[in-house]
Amino acid sequence: MRHDKRKPNELRSVFLGPGFSKHAEGSCFVKFGDTHVICTATVEEKVPPFLRNTGSGWITAEYGMLPRATHDRVDREAAKGKQTGRTQEIQRLIGRALRSVIDLRALGERQIKIDCDVIQADGGTRTASITGAYVAMHQALQRLVDKKALKALPIIDQVAAISCGISKGEGLLDLDYIEDSNADVDANFIMTGSGQLVEIQATAEKIPFSDKEFTNMLQLARSGIHELIALQKQVLKI
Amino acid sequence: MRHDKRKPNELRSVFLGPGFSKHAEGSCFVKFGDTHVICTATVEEKVPPFLRNTGSGWITAEYGMLPRATHDRVDREAAKGKQTGRTQEIQRLIGRALRSVIDLRALGERQIKIDCDVIQADGGTRTASITGAYVAMHQALQRLVDKKALKALPIIDQVAAISCGISKGEGLLDLDYIEDSNADVDANFIMTGSGQLVEIQATAEKIPFSDKEFTNMLQLARSGIHELIALQKQVLKI
Amino acid sequence: MRHDKRKPNELRSVFLGPGFSKHAEGSCFVKFGDTHVICTATVEEKVPPFLRNTGSGWITAEYGMLPRATHDRVDREAAKGKQTGRTQEIQRLIGRALRSVIDLRALGERQIKIDCDVIQADGGTRTASITGAYVAMHQALQRLVDKKALKALPIIDQVAAISCGISKGEGLLDLDYIEDSNADVDANFIMTGSGQLVEIQATAEKIPFSDKEFTNMLQLARSGIHELIALQKQVLKI
Amino acid sequence: MRHDKRKPNELRSVFLGPGFSKHAEGSCFVKFGDTHVICTATVEEKVPPFLRNTGSGWITAEYGMLPRATHDRVDREAAKGKQTGRTQEIQRLIGRALRSVIDLRALGERQIKIDCDVIQADGGTRTASITGAYVAMHQALQRLVDKKALKALPIIDQVAAISCGISKGEGLLDLDYIEDSNADVDANFIMTGSGQLVEIQATAEKIPFSDKEFTNMLQLARSGIHELIALQKQVLKI
Amino acid sequence: MRHDKRKPNELRSVFLGPGFSKHAEGSCFVKFGDTHVICTATVEEKVPPFLRNTGSGWITAEYGMLPRATHDRVDREAAKGKQTGRTQEIQRLIGRALRSVIDLRALGERQIKIDCDVIQADGGTRTASITGAYVAMHQALQRLVDKKALKALPIIDQVAAISCGISKGEGLLDLDYIEDSNADVDANFIMTGSGQLVEIQATAEKIPFSDKEFTNMLQLARSGIHELIALQKQVLKI
Amino acid sequence: MRHDKRKPNELRSVFLGPGFSKHAEGSCFVKFGDTHVICTATVEEKVPPFLRNTGSGWITAEYGMLPRATHDRVDREAAKGKQTGRTQEIQRLIGRALRSVIDLRALGERQIKIDCDVIQADGGTRTASITGAYVAMHQALQRLVDKKALKALPIIDQVAAISCGISKGEGLLDLDYIEDSNADVDANFIMTGSGQLVEIQATAEKIPFSDKEFTNMLQLARSGIHELIALQKQVLKI
C-alpha cells in the first residue's frame, strides 16, 4: 500500500488549466498532486543563429523553481548567478521532448519559448512540466493558426511524460517526493499520443535493476501516459 | 475617468491569501488587480556574518519575476547569470520595509528570508510584494511563538505599501501598468499601521513636480494604505 | 550643535572643479567636505539598441568607489565580479536625475556616459555625484555646440542634489558619514534650477517619521540645492 | 554495412591504459576508436559539507573537452566562464555511474574526484569516460588498500558503458561521430559487471521508437559492455 | 628630440604625495607626468589561508583604472564582471615587487593590501604604481611601528620601477603614451634601492631586439630608478 | 650536480610531435621532460572586431591545464567560472611570441587560434607551449599555402622559448618543477631563429639579482633556444 493509498499503477490527481496567463500566447497551470507548475509559451518571430535562413523553426525551454517551492528553501539561482546542472538537464529534456512532436520546417522561422516554473514541488516536476508545456505550446500554435500566420498546426503528435520507480522490488507509477526519495530506481518516460517512445531516463543510484524490472516500469508508464494524453485532449478540446 | 473606471483614490481589487504554500513557515498569495505575487517567509536559525554573536536577528528579502509575468517576455535572470539593478533595488526595499517594524533583538539570532515572486505583473509589483510579505512574515513569527521559540511576537507595527502617480496633473492611487507607463510622476509610499512614514520614493523622469503635487500623492497613499492595513488585520485575524 | 560646528541648514564646504580631466569631453572634481568624487562625461555617437533609429539620445551613468575610499576597505567590485545592489541603485539614480533636465530628442542619436568615481567617501556620495555630474555633462554638451555638432544646448534646466536627515528629532542638511550613521531618517532630494522636484528618496530604518518631519527636510533641501545651483552657474560661467 | 566496415554489434578498437599519469593516484588513457579520453582519480581526505560526520565517502566527477578535440573548434569553457548544460549532464552521469558500484560507507570520509578530459572526440565520449574512469578509480582505491588506509576495496561491482543507436531501422553498437549525427535514436547504457542496469538514457529527436527497437538496443549494449568489463579485468589484472 | 623635449635619459616630472588619503593607513598620490595614480595601503590583521599559522605575513596588490582615465573610455571592469588579463598581470607584478623587499616573517601574520587606482593614464601606469605603492606601504608599516605592533620596520630595501623603450633604434627612458604606442620594444624594470634587479619585462611585438639594445635600456633604467629611490627617501624623510 | 644529473646548460629530453590531432589544421605534442603539452592551431576566416577591414590577420592563444596535470589537483577553471591571472598571463605571452614572427598583413584577414593544453606539468609549461605552438602554427600556415589560400608562408622567422634560473648562485637551463620551486630567480626567454630577443621575463621573489647573473642566464637561454630551433626545423623538415 502506498503512503497516500494509491494503487501501484495509479496517477496522483492531475489538473491541467490552459489559458492561465493574462499575457502569454499559450499557458497551462498543471498539478500532479502537490506538484504545481506554471507553463507558458512565448512566440518569437526569430530563430537562434544556427537556424537563420534555413526556413526551420525551433522550440526551446527554460525551467526554474521558486526558492521555497521545496520543503527546505533552496538558493535562488538568479542570486547565485548560475543555474544548477539539474536545472539545465531538465530544461534541455523539456525542449527535446516538445521538438520531437513538431514539424520544425512547417513552423517556419520562428521560435516557441517554453517557461516551466515550479510553484510547489512534491516529486515529478519534470514530467508535470512536459505534460503541461505541451498544452501551452498547443495553445500558442493554435493562436498562430487563428491569426493566419500558419496554415495548419505543425504538430505531428501529442507528447506527455510520467515517472516510475522501483521500491522494495515493486514498480510504482508517478512517484511523489517521499516515494522518490526512498526508491531504488527512478525513471522518467516520455511518449507520444500514438504510444511511441521519445525519451527514457532510468537511474539506479542505490540498487541496479534487471531487464524485467525495467519492462515493468515501461508498462506502468505506458498506462499513465495514456491517461495524460486523454486529459490533454479533453482540456484542449481536440 | 480612469481606463478601468476607478476613482482617483480607489485601490484595485485586493486579495491577500495567507497560508498559500504547503512548505513555507509563512506565506501569502497577494493580488492587486492583475498583479499576482507569491510571498513566502522562511525561518533560518542563523544570521548573516555581520550579526553573529550580537543577539540580534535579521529580515532579508529576495524578489523575482517569472519570465512571462509581463506583456513581453523578459530574459530569465538565472539564465543570464545576474539580477538586474531593478530587481536588486526592489528586494532591498522590501527588506528595509519589513525590518522597520520588527524588533530585531527580540527576534533573537535567527533570520527570516522573504521571497516575493511575481507570477503576473500589471504595475505595483513592489507595493503588492511588501503588503503580502508582511502577512507571510507575521505567519512565520506567529509559528515561532506557537512553538515557544519566541515568547511574544517581535512586531512593533504593521507595514503596507502603495503606489501613486500624477497623470495630466491629477493624482492617482495604485497605478496599473498602463497608468504607470503614462504617468509623469511615479511614487511609492510605505507606511506603518499607525500611519507613520517608512519610505518615500518619488521619481519624475518626464515632468518635475511641485510640493503641492507631492502632498496630494501623500494623502492618496495614506488612505490606500489605511485600507491595506485593515485587510491585513482581517486575513490575519488580529 | 553638529559635531563639526555646522548649523542645521548649513552645507559642508563645497568645491566644483570643472575640466579636471585631460581626456574627457566634460569633467568635474567635486568635494562636499571630505567626500571627493571625480565625474567625467564621455560623448558616444551611438545609442543603446532600444533607441536606434528613434532620433532620440540617451544619458546613462556608472558609479564606483575606490576600495579604500571608505574608513574600512571594501572589496573591489571588479575583483568580486559584480556590482553591489547599492552601486546599481546609485548609478540608476544619477542617470535618471540627469535625463530629467535634458531634451533627449534635441540631443540626437548620441549618448553621454557619466562616470562618477568616489575617491574619498564621507557621506553624501550620491548627491555630490549628481551635482558634479551635471557640471561635467554641461561641459560635454557645450563642446558639442562649439563643434557645431549641436545647434543649441539640449538642456531644459539645471539639476542638483542634497541629503537631509532627522537626528534626535532635528532636521539636518548635508549629512556627513558620522551623522548619516546615527540619523533615524535619511533622505535624498534632487531638484531642478527652477525649484521643481525630480526625485525624493526618504528612508527610516530606525524610527518612522511624520509628515511634518518630512516637510522640514524638504525645506532644508530646497535651501541647500538653491546654493548648489548657484555654485554650478558660477563655475560654468552661465 | 557501416562506413568503417564494422558489424552492427561490433565495438570500435578499444584501448585502456592504466597508470598514464605521473601525478594522479589513479589514471587511465582510454580510446574508443578515435575518441581519446584522459581519466584521472584524485583522493581527497575530506568530503563535501553534506556528508561531514556521516562516516560516508563520496565519488564525484568533472568532464571537459579540449577546444579542438572536435572537428570544429568549440569555445573554451574556462574562457567563457561557464560549463555548458551538456558538460554538466555528462559529469553528473559519470559520478552517478561510479557511485552505483561503490560502498560509500566502506570508503570512509574521503572523496575520489574523477576528471575525464577528452583529448580527441569522435562520438561516445561519455561512455569511454565512464569505462576508463572505473579503471582510474579502481587504481586509486587499490593504492589506498596498499597503503593500509583501507582494509579492503570498497567496490561492489565493475561498471562500464556503451552507446547504441537506431539508423534506418537498424540497431548499431558504439556509434562514432558520423553515425551518431545520422541516427534517429541515440541511447547510452551503463551496466555492472554482473549485467545489471545502472542507467539508461534513450533519446529520439527525429523519429520516436518502439519497445522492440529499444529491446534490440538493450541487447546490443549488453554484449558490448560484456567485452568492456572483460577488458577492464585484463588491464587491472583482476 | 622627444616630442615633449625630454632627453633620452630624462624622467617626466615626478611627484610623490604621501598621506593623500583621510582613511588609509598609508597612501601616496603619484604623478609621472600626466599619469596620475592613487596608491593606498590597508593593514589587515589576518593572512590568506595558505599562510595561516605559518608566522608569515603577506603583501598583495590590486590595480584598476577609472573608465575615462584613458583617451577613449574603456568599459568599467566592475560592470563587465571581470578584470582583464592586463589588469591581473599588473596587479600580480606590483605585489611581487613589494614582497621582494619585505621580510614577511618579520611582518608577522598580517597582510598589507595595496590598491593602485589610475585616475589619469599617459603611459607607465604600472611603474608609477609600484613607485608610489612603496611609499604607501612604508607609511603603513611605519604606523605599525609607531603603534608598537611591530618592533622595527620589516623592510629590507626600497623598490621602484621605470619603463624604457627602443624607438627608431634609440633607447628612451620613461615613455609616455605616444612614445609607448610607437616604440618597437617596451620594457619595464624594477630595482631595489641598492641597485639589484627584482624584475625585468621586455617585449618586442614589432621588431626583435639585440643584447646590446637590451643593455642600453638596462642602463637607462638604472639611472631613472636611482632618481626615484632618492625622491622616495626625500618624501618619506628617511 | 642537478638532481636529475643534467649539466647546468643541458635541456631536458625534448620531443616535438607534429600532426598529433585528427581534427586540427596544425598540431604538435610537445614534451620537455615530464612536461607534456598538446598544441593545436585552428584557422578561422575572420578576425577580431578591431581588425575588420584592415587587411591584417591575427594570431591569438589560449592556455589551460588539466586539473590533475600537477602534483596536487588544482580546481578546474571551467568549473570555477574564471581563468586565473597566471593562465591569462601565459596565454597573452604565447600570443605575443607567435605574432612577433608573423607578417600579419601577409596572413590576410584570418585568424590562427592556438590552444596549448598541459596534460602533465613538471616546470616550463609556458616555454614548452611556445616552442610547440610554433610547430602547430607552421603546419596550419603550410596547409593554407598548400590549398593556395596563401601564396607564401607569412613567416618572418622561427620562435622558441626556454626558462633559466639561479639557484645557489649558479645559472641553470630549463628548470623542472623541483628546481623552479627552489630557485632564487626565475626567467623565461623567447628568441627568434636568428637569435634576436622577443621577450624577457625575469623575476626574483626571493633574492634580487645582479646584471652579471642576468647575463649568465641570457647566455644559457641562447644556447638552449639554438637547440630548440634546430629541432623545430628537423620535425617540420624545413
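To keep things simple, chains are lettered A, B, C, D, E and F as they appear, and every chain counts its residues starting from 1.
As a convention for this text, contacts are C-beta pairs under 8 Å (C-beta built on N, C-alpha and C of every residue); 3 or more make two chains touch, one makes a residue touch a chain.
If you're wondering where the values come from, they're calculated on a predicted model, not measured in any experiment.
Trainee: Work out which chains are contact partners of both subunit B and subunit F.
Mentor: Chains that touch both subunit B and subunit F, as defined above, do not exist here.
Trainee: Chains in contact with subunit A and with subunit C: which ones?
Mentor: Both subunit A and subunit C are touched by B, going by the contact rule given at the top.
Trainee: Let me check something: if the centre of a chain is the mean of its CA atoms, which chain is farthest from subunit D?
Mentor: Looking at centroid distances, C is the chain farthest away.
Trainee: Could the interface between the copies subunit A and subunit B be described as same, meaning over half of its residue numbers are common to both, or is it different?
Mentor: The interface is built from the same residue numbers on each side, given that over half of them are used by both copies.
Trainee: What is the Cα-based rotation angle between copies subunit B and subunit E, on a 0 to 180° scale and rounded to a multiple of 5?
Mentor: An angle of 120 degrees brings one copy onto the other.
Trainee: What's the distance between the Cα centroids of subunit C and subunit D, rounded to whole Å?
Mentor: Measuring from centre to centre gives 59 Å for this pair.
Trainee: Taking each chain's centre as its mean C-alpha position, how far apart are subunit A and subunit F in Å?
Mentor: So the centre of subunit A lies 50 Å away from the centre of subunit F.
Trainee: Going through subunit E residue by residue, note those that touch at least 2 other chains and give them in order.
Mentor: Answer for subunit E, listing residues that touch two or more other chains: 81-82.
Trainee: Should the ring be read from subunit D with subunit F in second place, what is the ordered list of chains?
Mentor: Beginning with subunit D, then subunit F, the ring reads D, F, E, C, B, A.
Trainee: If we count contacts the way the header does, which residues on subunit A are in touch with subunit B in the complex?
Mentor: Those in contact with subunit B are residues 21-24, 27, 34, 38, 40, 42, 44, 62, 64, 66-71, 73, 76-79, 81-83, 87, 113, 115, 117, 119-120, 122.
Trainee: Any idea which subunit A residues touch subunit D in the complex?
Mentor: Touch list, subunit A to subunit D: 82, 85-86, 88-89, 91-92, 96, 99-100, 157, 187, 191-192, 196-206, 208-211, 214, 218.
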